[in-house]
Amino acid sequence: MLLFLIRRLILIIPVLLGLLLLTFLMLRLGGNDPAAAIAGDNATPEMIERIREDLGLNDPLPVQFWDYLVRAAHGDFGVSAYSQRPVGIDILDRLPATLELTIVALVLASVLGITFGALAGIWRNSIFDHTVRVVSVAGLATASFWFAIMLQLVFSMGLEILPLRGRLPTGWTPPPDITGLYLVDSLVTGQFATFWYAFLHLVMPAVTISLGGIATIARFTRSAVVAAMHSEYAAYEQAVGYPRRRILMPYVLRNSLVTPVTQIGLLFGAFVSSAVAVESVFDWPGLGSYLVEAIFTSDFNAVLAVTLVIGAIYGVVNILVDMTQGLLDPRVAETM
Amino acid sequence: MLMLKKFLRDVPAVLGLLIVVIAVILALFPGLLVDNVDRVNRGDILQRLKPPSPDLPFGSDDLGRNIFDRVVMGTRSALTISTLVVSLSMIVGVPLGLIAGYRSGWVSSAIMRVTDVFLAVPQLILAIAIAQILGRGATSAMIALAVTYWPFFTRTVYAETQKIRASLFVEALEGYGASTTRIMLFHILPNVAAPVIVRATVGMGFVILTAAVLGFLGVGAVPPAPDWGLQISEGRKYLPVHWWYATFPGLAILFLVLGFNLLGDGLRDLVDPRLRRS
Amino acid sequence: MKFRQFLLAATTCLAGSMVHAQSTIVWGESTPKGLDPHVVYDVPMQLFMLNAYDGLYRYVGNPPELTAWLADSHTVSEDGLTWDFTLKPGITFTDGTPMTADDVVYSFQRLLELGQGPSGGLTPVLQPENVSKVDDLTTRFVLDKPYAPFLAVIPLVSILNSKVVMEHEVDGDKGTAWLASHQAGSGAYILDPETYKPLENVDFARNENHFYGWDDNPNPVDVVHVPTISENSTRILSLLRGDIDSTDGYLGADHTAQIEGSDNAHVQRDESMRIMVIRMNNQKAPFDNVDFRKCISYAFNYSGFIDVILGGQVARNVGPLPGNLWGVPEDVAGYSFDMDKAKEHCDAAREAGVEMDRDMKIHIQAHLDQTTQVAQLMQQGMDELGLSLEIVGDTWANVTSSTASVDTTPDMWIHWVSTYFVDPENWIGQMYDSQFHGTWKASSWYTNPEVDTLLRQAREETEQAARAELYKDAYRIIVDEAADVWIYNTVAQRGLSNRIENFKFSPVGSGADFRWISVSD
Amino acid sequence: MSDDILSVRDLKLSVKGDAGLAQILDHVDFAVKPGEVMGLVGESGCGKSTLIRTILGLPPKGARIDSGTVAFRGRNLLDPKEAQQIRGREIGFIPQDPFQAFNPVFTVGAQILEILRWSGLPDDPKGARYDKSLRARHKARLIEVLRAVQIPDPEEALDRYPHQFSGGQRQRILIAGALATRPSLILADEPTTALDVTTQMQILRLLRELAADYNVAMLFVTHDFGVVAQICDRVSVMYAGQTVETGTTPQIIDGPRHPYTGMLMACHPERSTEITGIPGQVSSPLTPPPGCRFAPRCPRATEACTSARPGLLNSRDGRQLACVHEEEFA
């Protein structure tokens, strides 16, 4: 298992390098001038030229890429044109918000998706089953940013029961920075009011992001449960006198989890994608809205670094998924 | 025939097909519902931000344009983008998948490594970056989406091709002296067609959604194009008073994507009984 | 219903512990990109500069009055080249260090050597070595040539605490890395660097030892939160709910109505100096033809835009200076929406052999509604003339970098020219003097030797009345040649909560100078 | 009669499906005596599986008992509650395919212990809660049985997963599962079909020995007369849901009386489950022919065969036969 972990981690590296090269080339060959972005408003052509020289933008591309790699290897991702701060610091500031959002969304999607999917599978062809099916197909067809806006319209603007934007009420002091996840930090330090507010602020963004995930997981769980219930082993378990309740839980259910768990890894990508738009809608100060801003302001260092970080997280999540699969299915564990 | 009968019994899939067919008809002949197709970008500025009424079923927008007309016209833009993106991705992705799956050695692994790189980061993020670099507009968005979507076809075709290649009949053909191209074109391609078609159908829905996000973020279609994502982003600024502006284009996305997804599910059930829903 | 009551109860119960400290306000405006006032120079920067830093002079009020600020007074030599500024005695920085002429010299030299931010207004006339200390309080500037707007740009230069900045210098960066997220000034408000998260939030606390004193303001604001709110509709709802105390100053008609119906907020309107303009690339066919440009100028529905879309809340501005500034000739009527005249001019251009059948492009700043609306109205007008105009979504960063050369500058693009300093130089001077070609402000690539001469004379002439006449002459020519399509001069419309009193608007910084504001509770 | 451990009498069962009412079982009739191995032979599709599930009290969905009884020591197995008490506890079950029967993500030990948990052992203390000590008892019993089925190192085997065993070993473990609760009857549903020939032999031998050692009766379902010859004391032959002939193994093998039995034996299928040696196809249970269901394929069929169903009649030598031409064999 450990060896598997190490091997997989090493395998991520070439992929990330490829990803960096791809993004780097796209950004450099594209028309935008990072020097102009850094120089900002009211810059004269001379100022821009000087910045270009300072940044080494006049060097040949391979040299520029190599320089970038060397610096990146030392943890230096350059300075953001937008915030004028080291990109690494910006990312560290913003990463926890996105992690908190996606983790909560992932938990929500898994719990609801598996529950609904399993019940739909058990009560196959019942009204509940049909409802779950219709809702999940619709859930997958909904544009998340639109859904986010509709939630705001109904729950924040109409009913006024949920906050409109941000992670906490404006002016509310965030909890001490331990993990950067407000829910955790506020709980650990006993700031229950902060916890409650952080929770309220999370509800709509997390629900929005998890919508597609709930649907996907529910669908896969349902078909896995149906398949497991019609399997030979379920028939055997029945024939040798297991009670029905016992066959479902844990025997059928545990088997049915293997496929949905694989989906969770794929879903993470979808979650990060929808986080990009959803964070913008809710002013959620995470990596997604940072990336959008970086792209719009031609902040190349930021774009490169965020892409790299997301790629790395994506890779790690997939390894984690494989390992979870190993825990659920001994046959998979053996290949590790 | 049997397939058709089986398909027709699948009510949701037929519903999906119906939605898709209606959308295609509207995209080709928007005049059926829109009075003046050429003037869909023109508005009467005095009629701006009027709520839905019999004359303006979905209300009017900030420039006094008929939102219903623009939503209908949006069907064309959504279908054009998704059809082109999916076709482009197929043109690139399918042959690469065939080659990678059929050949072994460095060609195959080179293709698959490149695919890995493209799949290493969520599609939308790559697409935004590419669209921004190419300059905003529907064309850039389309290229960006195609550039990020082909690896899915490569993956699908690669896996299927490998399976088929291992089968006996390909060996027999090789022994027979059939050329590689011939085997790929006439024997393997027809066998991977089914999963590719399913992928493409589901892909249509996916592309419509992603293109909408690009439009929403301002890297996709540009005004005054009646693009759904763009309309939602414009309409959002007029919430909550003028709620209709952002609401209806979103519903249009929902319905069209729903259509493709239902249809895709139905097709999948036909060709791949392993994933059957019931 | 029950759930809602539960939520509300829980929320109020918790909010009990929140109790707004006596004077805390939440200011819903954007924060700058980076906090170094010598590096960043954009509209949001003004908010930071005005509160965290002080300059030798400052614009106060509306119309803006150039007020001696850190400086007690200044003198100018006969030839207009040597300027001496004397600091008020006893000024300290926020860390308690006394401010001396050394800090002034350091600040100007740093700005000029970095060559970024607001240095563009000074570099043509001032060399770093020509800034020198006369005594502990007096600094001398020797200009290369007479430069009338010199005093007008002085407020743009923040005086830094040289000791602190030099302590944080890394690899000869003049402290830029550190200053990008910290403050080293004497301003009326002190940045809390812990709370600074770009694009997210920044907090300020009142500097009780500010040199200006607080006697003028009995209820000053003690703490200011400035969260980043990306969407205007969100900002307005937050104001209506009492979550924030101010929106930005660019509300549209659709939004002001919403605020005016509320009990706890109101709209403050102030005439500003920020003109909206459609730029035309005067060196690209067919925009190189005067008749064609006039045709375009007549084809825009000014009143439709100003009266209907903007609800008549801004003033039509016919030329390249804000109507409320000096130097505007009274006799110029400008262009109006007149399709007959437009046709006439286009026909004339056609007769002169101008090829106008190509697809022309207008670049908008995609997230700014008004640019989109203007582009679409322009498109409708041109469409009626049989001209094809394509709208291209773009960003500020991208357009401004494309204006570096004629070829990459778009056919047309839309933006505002805000008040960076209050002098015609800020508008007409930097927009139409060909020496500024390659900057975004001069992106029309307008070239007219006569105008160049007039503008340069105006720059060197020190007598304001004489300068005004020169600017008027240039203004007439530029409008007559329809160099650009000028649309309106902004009336700033800001939503304010009713707790805010004594909000003092100024076209520079849009009134985000917190020190004047009082809070009633 | 009363000493029968399992008796299926005149069982008629039909299933309502999408295509209509299918008569799956039609007058099935046989009995198993204590300690004997009874073979149940027939082609696939003849209703064997339905019969087994009915005996276990788990008739297929939509099934209707039209007539007849199924009793275990006189207790009614058609009553679901009664059946739930009996299956697992008093009737052990060996499934057909050891590769599919195990839940792949649980250890074999957990799965077999689960049987013991719900069925209990006859000597378990009355009313005891399922706790550590009870579990330990069950585990000890399981290890004992695993040893009996010749699983090497049974303690360690409990913690292994199904895929870590060969097919033969898995089948042994399943046999252990069937024996563990000390049942008096074991239902074996073609337990060797999925295995290769050598393993088949070993498993059959093992079953034979265990049946004798533990004095347990067995209903052994198969389609293979070769297997029958090796293990069964008596045989009942089924065709298309009907019992056509019953007798001792030597009686049937040496002198089959029903034409179908003879033809089935002649085919002697080794591995295939399809009987190709008999012309024609098994009739559809949706539209069973009137009279003898084998008539359409029977070389000796006469008009009498198609007019009425021949009853299952006892003959003097203890055999039973359902054929109008019975007298010819007498």
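Read from first to last, the chains carry the letters A, B, C and D; within each, the first residue is number 1.
Definition applied: contacts are C-beta pairs under 8 Å (C-beta built on N, C-alpha and C of every residue); 3 or more make two chains touch, one makes a residue touch a chain.
In this text, all values refer to a predicted model and were calculated from it rather than measured experimentally.
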Chain centroid nearest the full-protein CA centroid: A
Of all other chains, the one whose Cα centre sits farthest from chain D: C
Distance between the centres, which are taken as Cα means, of chain D and chain B, whole angstrom: 54
Centroid distance [mean C-alpha coordinates] between chain C and chain B, Å: 43
Chain A and chain D, separation of their C-alpha mean positions in angstrom: 54
Cα-centroid distance, chain C relative to chain D, in whole angstrom: 91
Multi-chain contact residues (two or more partners), chain A: 31-32, 157, 280-281, 296
For chain B, residues that touch 2 or more chains besides their own: 135, 218-219, 236, 239-240
Residues within chain C bordering two or more other chains: 231, 237, 367
All pairs of touching chains, each written as two labels joined by a dash: A-B, A-C, A-D, B-C
Residues on chain D engaged by chain A in the complex (per definition of touch): 53, 56, 58, 84, 87-89, 92-93, 95, 97, 100-106, 111, 114-115, 118-119, 161, 163, 177-178
Of all residues in chain A, those that touch chain D in their complex: 231-233, 235-243, 246, 251, 254-255, 258, 328-331, 334
Interfacial residue positions of chain B with respect to chain A in the complex: 12, 113-114, 116-118, 120-126, 128-130, 132-135, 205, 209-210, 212-213, 216-219, 229, 232, 236, 239-240, 243, 246-247, 249-250, 253-255, 257-258, 261-262, 265, 275-278
Chain A residues within the chain B interface of the complex: 14-16, 18-19, 22-23, 26-27, 29-32, 124-125, 133, 137-138, 140-147, 149-150, 152-153, 157-158, 219, 222-223, 226, 269-270, 272-274, 276-277, 280-281, 291-292, 295-296, 303, 307, 310-311, 314-315
Contact set on chain C toward chain A in their complex: 3-4, 7-8, 10-11, 14, 17-18, 20, 24, 26, 33-36, 39-43, 115-120, 123, 176-177, 180-181, 197-201, 225, 227-231, 234, 237-238, 241, 243-244, 367, 395-398, 400-402, 404, 420, 438-441
